[in-house]
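The structures come next, written out as C-alpha cells.
In the two assemblies presented below, chain A is common to both, partnered first by chain B and then by chain C.
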Partner chain A sequence: MSDITEPHVVGRRTPRVDGVDKLTGRADYTVDHRLEGMLYGYPVPASIAHGTLESLTLDAARAMPGVVDILHHGHFPDLHRSPNSIRQGDAVSEVRLPFEDDRIHYHGQYIALVVAETFAQARAAAFRVEARYHQEAGVMTGLAASDDEGEEVRHYTRGEPELAFGIAPVILDETYTMAAESHLPLEPHATLAEWREANQRLVVHESTQGVFYQRNALARIFDLPPERVEVISHYIGSGFGNKLFMWPHAVATVAAARMLGRPVKTVLPRQQDMMTTGHRPASRQRIRLGAELDGTLASIQHDSLTETSSVDRYVDACGGATPSAYACDSVATRQRILSVHHGTPCPMRAPGEASGVFALESAIDELAVALDMDPLALRLKNYAHRDPQRGLQWSSKHLDRCLESAAERFGWASRDPAIGSMGDGDEIIGQGMASATWFAGRQPCAAEVTLRADGSVVAACGTQDIGTGTYTIVAQTVAELTGVPVERVEVRLGETRLPAGPLSGGSMTTASALPAVAAATREALAALKEVATGPGGHFAGLAPAALDVEAGTLQADGRQADFAEILARHRLSGVTGEGSAAPGDERREFSFRSFGAHFVEVRWDPGISRLRVARVVSSIDIGRAINPVAARNQVEGAIVMGIGMGLLEGLDYDPRDARLINANASDYRIPVHADMPEIDVELLDYPDYRFNEFGARGIGEIGLTGIAAAIANAVHHATGKRVRDLPITLETLL
Partner chain B sequence: MRTFAFARADSVARAVEHRQAEPGSAFVAGGTTLLDLVKLDVMQPSRVIDINALPLTTVERLPDDRLRIGALVTNTDLAYHPDVLADHPLLSQAILAGASTQVRNMATTGGNLMQRTRCPYFRDAAAACNKREPGSGCDARHGVNRMHAVLGGSRECVAVHPSDMCVALAAIGATLTLHGPHGEREIDFAHFHRLPGTTPHLEHDLDDELIVAVTLAPPLMPLGTAYVKLRDRASFEFALASAGAMLSLDEDLIGEARLALGGVATKPWRCREAEALLAGKRADTAAFAAAADVALADAQPLAHNAFKIPLARQAIVRALREAARRAGEDAT
Partner chain C sequence: MQETTAHPPEAAVTVRLTLNGDPITIEVSPSAILLDVLREQLGLTGTKKGCDHGQCGACTVHVDGRAMNACLRLAVMCEGQAVTTIEGLAEAGHLHPIQQAFLDHDAFQCGYCSPGQIMSAVALLEDHRIAGDVATVREAMSGNLCRCGAYQNILAAIQDVRLRRHAQEGGGDA
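Moving on to the complex of A and B:
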C-alpha cells in the first residue's frame, strides 16, 4: 500500500479524539439537548401485561400545573406503520404504533403521553393519570413457566446428526436456560422532535445506533419524503443493541411535536427504558452431542427456543455459531420462538450467539468431563481448520493460537482437574475455559473528506459513534493517509445529512466505514494533486501520479508544498473527495469470523456460599486493531458484562401476571467495581487483508461470547455442580 | 413527583412544630430514601422539613463512657469515627458493608434508622402493598419473594428491613433519644422498629417525634466482632443474609455473646436465645452451629427464599467464628 505514510497512525494506541468533549460536557447527548420553547413528554405505562384498556381518567392530570396535552388512544393522529424492512432500511423495533388501539400486550406499554412545560410537571401529571383495565386470562409469563415449544422459524442440517447421535459411544443431552437480560445503557432512550416549515420538515435528535434507519422509518410513518426528515445522534450513551431500531416513544414524541406546534423531548425514565425498549429474551436450549471415545465429535444438535412479544416476532438466533464451531460432519440447529406478554425483545450485544455459545461451550466442557479429557485438548481435537458450514477456507483464523496463548498466561497446565482440589484457606479455586466467536460482516458505507484551506481535514460519514471510539478511528484513518495529525482531523458522524453510513451494530462499523473513509480521502488527495499539477500549480506540468503525500504535504522532485499552501494559491477553500465501500466477492472464496478464548478462575467459599470471579485471561483474534486501546476496552467491558450474564443478571417477571418487577438499576443487578476481577486481554495481531484493506474485523461483541460458559465451567471445577441455568445464583450452589 | 411545601428547621423544637402542624409532613436529612420514593410516587409528603441545619452532628463520649451519636452524623463520619472504631468496630463494619461511599456520605444515623424496605411491590405504586396502602393486600407473599423475610413476617407483610447499621445497633444495644411535642424521651432501640403484624404501615415507635441521638451500650471486653454480609454481588447490594456478632472470651470459653441478623427479618433481628446458649460454651463450630439452629428455629420460608435459612446459618457460623478468632487475637 504505497499511499500509507509513516509513521503509522492506524494500529497505534490513540486517545479518544472526543475525550475532552465528553469530559467537559460539550458532547451533545440527546438527553442534554434543549431547544427554545421545548416541551417535555413523559409516557404513562400500563400496569397490566395482558388485556384491554377500558378507560382513562385524565381530569386530575390535565389540571396539574404546566400540562399542555395528554396523548392517548382516541387522541392521536392516524399514522402509517413502517414496512419494517432491513433491506429498505426502515426496520423498527416494534411495528405497532403507540396508542393504535386499546389492547395491552405487555407491562409498561404506553397508554398515554403527558406533555408539559417541564420534565417534573410532565412526570407529576403522569402519576395522576388513572387507568381502568380489563385483565384477561391466559397471560404468558415467560418460557420458564410454559411447556409450549413455540413455532419453528429456522433450521440447518448437514450430514446425519440423529443417526450419528444414535450410534455414538459417548453422548450428552442437556438443556440450558438463560434469564432475560436488560441492556441498561447509561443514557436512556431519548427523542427530541422539532417540526419546521409548516410541518413539512422534521428534525429529530435521538439516542440511536442508526440514524438512517430511523429517518426512513419516520418518513414512512409520517408519510414524508425521506429527504424532509433529518435524524441527528452525535453522541449516544451506549446502546448494546437496543438503540438499533426505533421504538414507540419516538413516534409518540414526533406526533406530539406536530400536534402541539412546539419541539417535544421525551427522556425515558429508567423503569420504562427497561420495560419498553427491548431486552435479550430468555432462552431454553437443548444440546445433544455424540462423540467417539477419542473425543472426535460425531454429532452436534442444538435446539433453541427464545421469547418474543405478542406484538412482534423477534428471533434471537442462538444456534448461529454452532455449525461452524467444530469440525463435525453431522450438525443440526433448530430455532423456535414463543410469544409471551413481555415488551418486545431485541438484539443485545452478541445477540443469539452469546446465549448459544454459553450452551454449546458448557456442553463441550461436560463432554470433556465425560471423556476424562482436558477441555482445551478436546477443543483442539475438533478444531475446524476450514469452515465446515460453508466448506470454505477461513480468511484468517488463529483460534489455536488464542487457546494456547491464553492457557499459558493463565497457567492452565498447572490446573488439577479433580473437582474441588485447589483450595486456598476457606476458598476453593475453580478454573474453566471456553472459546469465543462472532461473525465478521460488512455493510455498504459512503463518506466524504475535505482538505481545508487551513490545512485541517474534515471527514464525514452517516454512521454513529456509540461510545466505542468510531470518531477516533475515522480520524486515524484520515491521518494515516494524509499525514495530517489526528488533532487536525475533524470527524462528523451521526447525521442523516452526511453520506449514508451503516448501523452501529454487529461489530461491523469499523470494517464498513474505514474503507469508505479511505476511499474518500484518496479522492480528496487526487483532487488536490489535480490542482497542484494544473496551470499555476506548485507542481505544474507533473503528472498527478508523480506526487507523494507526506505529513500533510505533496512532494515531488525534492520539492514540497503543504495542503494549505496549494489551496491558498488557487484561492480554494478546500477540495473534497467522496468515497464508498461495500462487501465484494470475497464471501464466495472465504468465510469470515473472529475468534477468541477465555480462561476464568472463580473462588468459591462453601462456608458462606460466596462465589466471585477472581481472574479472567483472554486472547482475541479480530485481525488488526485500529486503535488497540479502544479495542481492548471493548473486550474488557464485554468480560464484565459476561460476569453479569453468568452470575447476576435476569429480568424478573411476576409468575402470576407477567409484570416486570425489577425494572430498576438496583434490583436488576449488573457487576459493580468490586465484582471486577483481574482481567488480562491479549489482542492477537493477524491482519485480515482478505476482509478489507485495514485487516480489521470488529470487536464490539466477541468478548461477551464464551465468558458465561467459562464461568459455569469453572464453577463446576470448584463445586462439582453443573449449573445449566443463568444467572448462577448462590442458592443454586448452597 | 407531587409538589410539596418545604420548610427549613433551625431548631429541634421548630422541626417538631412543623411536623405537628401538618400530619402529612416528612423530615429530610440525607434524602437517600425519601427523595427516591417521592420520585416514584410511593411517598407523597405534603411538606418536607429539612433538618440538616440542626446541631446534631457530633459523636460525644458521655461521663459514663458511653458514646452518644447525633442523629445527623453521616454514615461515613460514624464509620470512621475513632471512638466508634475503638469501642464498637462492629458498627463501623456494618455501616461500611452497606450502600456505596456516595450514599454513605449523604445518609445520616437517624435516616438510616428510618430507611424503608426494598420490597419491589412496596416501591411500585401499582402493586398491592399493605405497607404503602393499608388494606390493599400483599403482592410479595405469592409473587417474586426471593429477597423477602423468613423471620418476623405476617400474613400482611414479609418485607425485609434493609439496614446494615441497624443490625450492629441491635447487637450492641442502644438507646434512642426522641424529641416530640411533649419534650424528650428515651426508648430502647430493640423496641423502636415494630413487627409488621396487621399494621405494616406503622414501622416505628414514633409519635410526631424526631430522632435526635443514638446512645450506644457499653462495649464488651475483651471484644471480638464480625459482620458477615452475604449478597449477590460484592458491593452496593442489600443482604440476602447478614450476621453481626460480638464475643468476649475467657480463655477458650465464651464470656458474653451478642448476635443479630439482617436481610432475613422484618426488623433488625436480635437473637437473644442464641446468645444465652453461647455464654460459657467453648468457642467452637459445634457451639456456633447450635446457636444458629436456635436463632433460625422460627424461620418461615416463602416460595423463593427458603435458601435464606441455610444461608443465614452460614452467616451466623462464620461471623461467630471470626468474632471468636479476633477476640482470641485481642486477648493474646
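Moving on to the complex of A and C:
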C-alpha cells in the first residue's frame, strides 16, 4: 500500500535479493560445490560413549572399490590445537582434535575418516570398518540420571534473596527440566577443502555462521598465516548456533586433503550431524520466588544446572535474563555445569535464556495461580521500568505495550481462569502467556562499497546470511543511502577475502553490519563527490559538501549527473569506500534488550488424547525492523521452534550407556506443516537510535524465548496439570 | 574374522529417461541412488540432501508427475520415466507461479528445503485427490520439513497460487 510512495528502503517490505537463486536451485550451498579431482570423506562414528578404542580393522574397508585412504588415530598428521578464544577470533566447538588419541568420550565421536572416489564408495567402505572397544564403567548418561550437582561456574546476587524468600508470605519452590535439543539445520555440516601452492594456501568451503572464526582456527591448527587460509560460505542451510564454531569433521577433511593432494569434501550424514555437532544441553533449573500478598516480588532465586561434555566446558547460562526481568530488589542466579558422556553442546538459538525463560515464566505463572492473580497483571505489577541489574535506564523498552497489544488481539480479557472451564466441542481450551526477552549486542564490523561505472553498486562484508535475510538488508541499506534501486545492488557475503564481518549469531548481525555498510557507502559517495567536484568534473569548483545524493545521482544548483556518467567522464571503473563500525560507550548510559509477549491457546481433546497448539499471538519490540517481511518470518519460525521445544523435541540418550537413540530426522521430532497453529505476529515499531543509526536491535532469537512457557501455562489452564519437564508428552497428561 | 576380498566394480547399467523435458541416457551403478546421480553425476545440485532417509523431503522431485523422495529411489528405477527437478520448473527464465509466490510471500529463510517444498507444492496443486482446505494442505505438505519454520508463509504461497488458478479457470466462488 504505502510501498509505492514510500521513499525509504530501510523499513520497507523487501523481497529477498537472494530469493530467486534459492527458489530455482541455483544458490551455491557448501554441499553443492564440486572440484576437479575431488574425493569424498565419510566419517566412521564410535559405537560406544565412554572407553577406549582398542583396535581398528581396516582391511575389508580398504579393499572396497574406490577407497583412497582411511584416516585414524594411527594415521593422521600431528596438528596443533586452536587456542579456542572468542577474543582472538579462533574459537572452536570442540578443542580436541579428531583422532587425537584412543579415548572415546561420546557416542558418534569419529574414529576414522574413509576417503574414496565417490560418495557412495566412501559410505559403503565406512560400514566395513571394524572397531573393538574397551567400555569403561562410570558412564555419565545425563543429568536426569544423576544427583551430581556439578561445578559452579557463575553466580549473581543482589539484595538479600535468601532472607527475603524466608520471610515472604507467599513462596514458590519448583524445579524445571528440559531435554537436550538438536539444532537440525536442514543442510548438514559440510566441508570442502582444497590445498594450493604446494600446501601453502588453503581454501575451504564450509557451511558456517562465522567464516573468520573458522579461518583463524584453521590457521592455528595447520600453522599457517591467517591470510593463507580462505573460508567461503555463500549460502548456509541454516545454523541456529551449531555452525558458529568449527567442529572436528572440518579438521579431518582439511587434513585428508593435504595428505592426499586432492580436494576432499565431507558432508556429514544426518545421524552423525546430530551426534557430533552440538545440541542445546539438557537443563535442570530450580526457581524460588517470594512475593507479597499483592504480588510484589520480594525474592527471585534461579539455580541452573546444564550438561557439558567430558572434553569441553560449555556453559549454557540459563539465568542470563533473570536479573533484569522484573523489578525485584533481591535476586540470585547460580549456574553449574555437569560433565556427561555426550558430544559437546553448543549455543542453540537463544542459548541459555530460552531454557531460563521457560523456567522463570512458568514459575511466574504458578505464582499468579497461587496468588489468584491474573498472570498478565502480575507481570505488569512487577514491571522493570529501569534495568534493575545494572541500575541503568533502558534504551527503549515497550514490553508493557507488547503485553497489552497481544492480550487485546488474543482476547485475553474473555479468558475464564478456572481450570478446564473453556470448552469447544470435544476439546478443552487452555490459554497461557509469557514474556519474551533477548539481549541486544553489537560486534565490530568492516565493509566495502563500490559504486561502479555501469551504475550498479557492490557491497561486500565478511559476515554471513544464514537465512535471516542479511543479503537483503545490506542491499536495502546501500539503496537507502545512494538511491540506487535494490536490484542494482550486488551484495557479497560469506568470504574471508572480504572485509572482516561478525559471526551470524546472538541476533547481532543487523546492528553490527549495517552501520559498517552505511559508513562504507558514505565513503564511496564522498569519493565520488571528490571526483565530480575535481578538475573536469560535472560539478567542478563546487565543494563536495554542496552536493546532494538522490536516486543514484549527485545534484547541486538544479543540475544533476548520475553516478555512471560521472565515472564515465573520468574513465573510472568505480570508486570504493571502506567503512567500519563498533559498539561505542552507549552501554555506560543505557541497557539494551529486546522484549516481547506470547499468548498461546492450546486445545486438549481428552477423548483421543490429542494436544495441539491452536493459536499464537505475539508482539515483539525489537526496535526497527529493517525488512519487516523477513523480520516477521524470524519470529514465526522461532514460534514454530518453540512448539517443538514445548511439545516435541528431545534427544534421547540410552540411560544404560549414553548412546544417542534418536539421531535422525524422524525419531527426533520437529514441527511439521501439520503442527502449525494460527500465528499472529506484530512487530512494534519503536526505533532504538541509542543503539545504532538504524534503530534495529536484531530479531533472530527473541521469538523462541517464552513460547514453551506460554504453552506449559496454557496446558495447565486446560488440564490442571503443571508440567515442569519439556517436552510435554501426552503420557504426562493422561 | 572376516575374509577380505577385492570387490570388482559394479557393472554400469544404461538408463534412458527424460530429465527436465530432455531425453537422456546415463550409465549408472545398479545401486546408485537417484539423488546422488542427480547431484554428483549430472550436476543438478538444486535437489538437496537433508537426511538421505526419506525423512525430510528436501530431495523431492517429480517422477512422472508424482512427488517423490529422490533419496529413496534407485536411478535404475527411472528407466523410461520423466524426472523433473527444481531446475526444470522455471520456463524460459520465468519463475513457475509457485516459485514466484514463494518469493512474494517470503516462504523460506535459509532456502535449503525450498526446492523440495516447491516440488511438493506443485505436485499437490496438480493432484485433484488432495482437497484445497488449509488442514488438508498442511497434512499433504508434512513430508517436507522446514527447520526455519516458514510454514505459515509456505501455506500462504500455495493457497495464493490455488486462488489465482481458480480465478483463471473461471471459478465463481474463488
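Here is the rule we go by: the second predicted complex is superposed on the first by the 728 of 734 C-alpha atoms of A that agree within 3 Å, B and C clash if a C-alpha of one lies under 4 Å from a C-alpha of the other, contacts with A are read in each partner's own complex, and residues count from 1 in each chain.
In the analysis below, a residue touches a chain if its C-beta (ideal position, glycine included) is under 8 Å from a C-beta of that chain, and two chains touch if they have at least 3 such contacts.
Remember, it's a predicted structure, so these values are computed and weren't measured experimentally.
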{"item": "First (chain B), second (chain C), both or neither touched by A:Ala120", "value": "both"}
{"item": "Touching partner for A:Asp652 - first (chain B), second (chain C), both, neither", "value": "first"}
{"item": "Partner chain(s) touched by A:His673 [first = chain B, second = chain C, both, neither]", "value": "both"}
{"item": "First (chain B), second (chain C), both or neither touched by A:Gly462", "value": "neither"}
{"item": "Per-residue contact with chain A, leading partner among chain C and chain B", "value": "C"}
{"item": "Partner chain(s) touched by A:Arg34 [first = chain B, second = chain C, both, neither]", "value": "second"}
{"item": "Partner chain(s) touched by A:Val629 [first = chain B, second = chain C, both, neither]", "value": "second"}
{"item": "Touching both chain C and chain B, counted on chain A across the two superposed complexes", "value": "65, 120, 664, 666, 671-674"}
{"item": "Touching residues on chain A, where the partner in the complex is chain C", "value": "15-16, 18-29, 31-32, 34, 59-60, 62-66, 118-120, 130, 183-188, 235-238, 240, 267, 269-270, 466-469, 629-630, 633-634, 636-641, 664-666, 670-674, 676, 679"}
{"item": "Residue ranges of chain C touching chain A (in the complex, touch as defined)", "value": "2, 4-10, 29, 31-33, 36, 39-40, 43-53, 55-56, 58, 85-87, 89-90, 95, 99, 102-104, 106, 108-115, 118, 135, 137-139, 141-155"}
{"item": "Residue ranges of chain A touching chain B (in the complex, touch as defined)", "value": "47, 65, 120, 123-124, 127, 607-610, 612, 647-648, 652, 654-656, 659, 661-662, 664, 666-667, 669, 671-675, 729-731, 734"}
{"item": "Complex interface listing, chain B residues touching chain A", "value": "1-3, 39, 41, 118, 120-121, 123-127, 139, 142-144, 228, 230, 232-237, 240, 307, 310-311, 314-315, 317-318"}
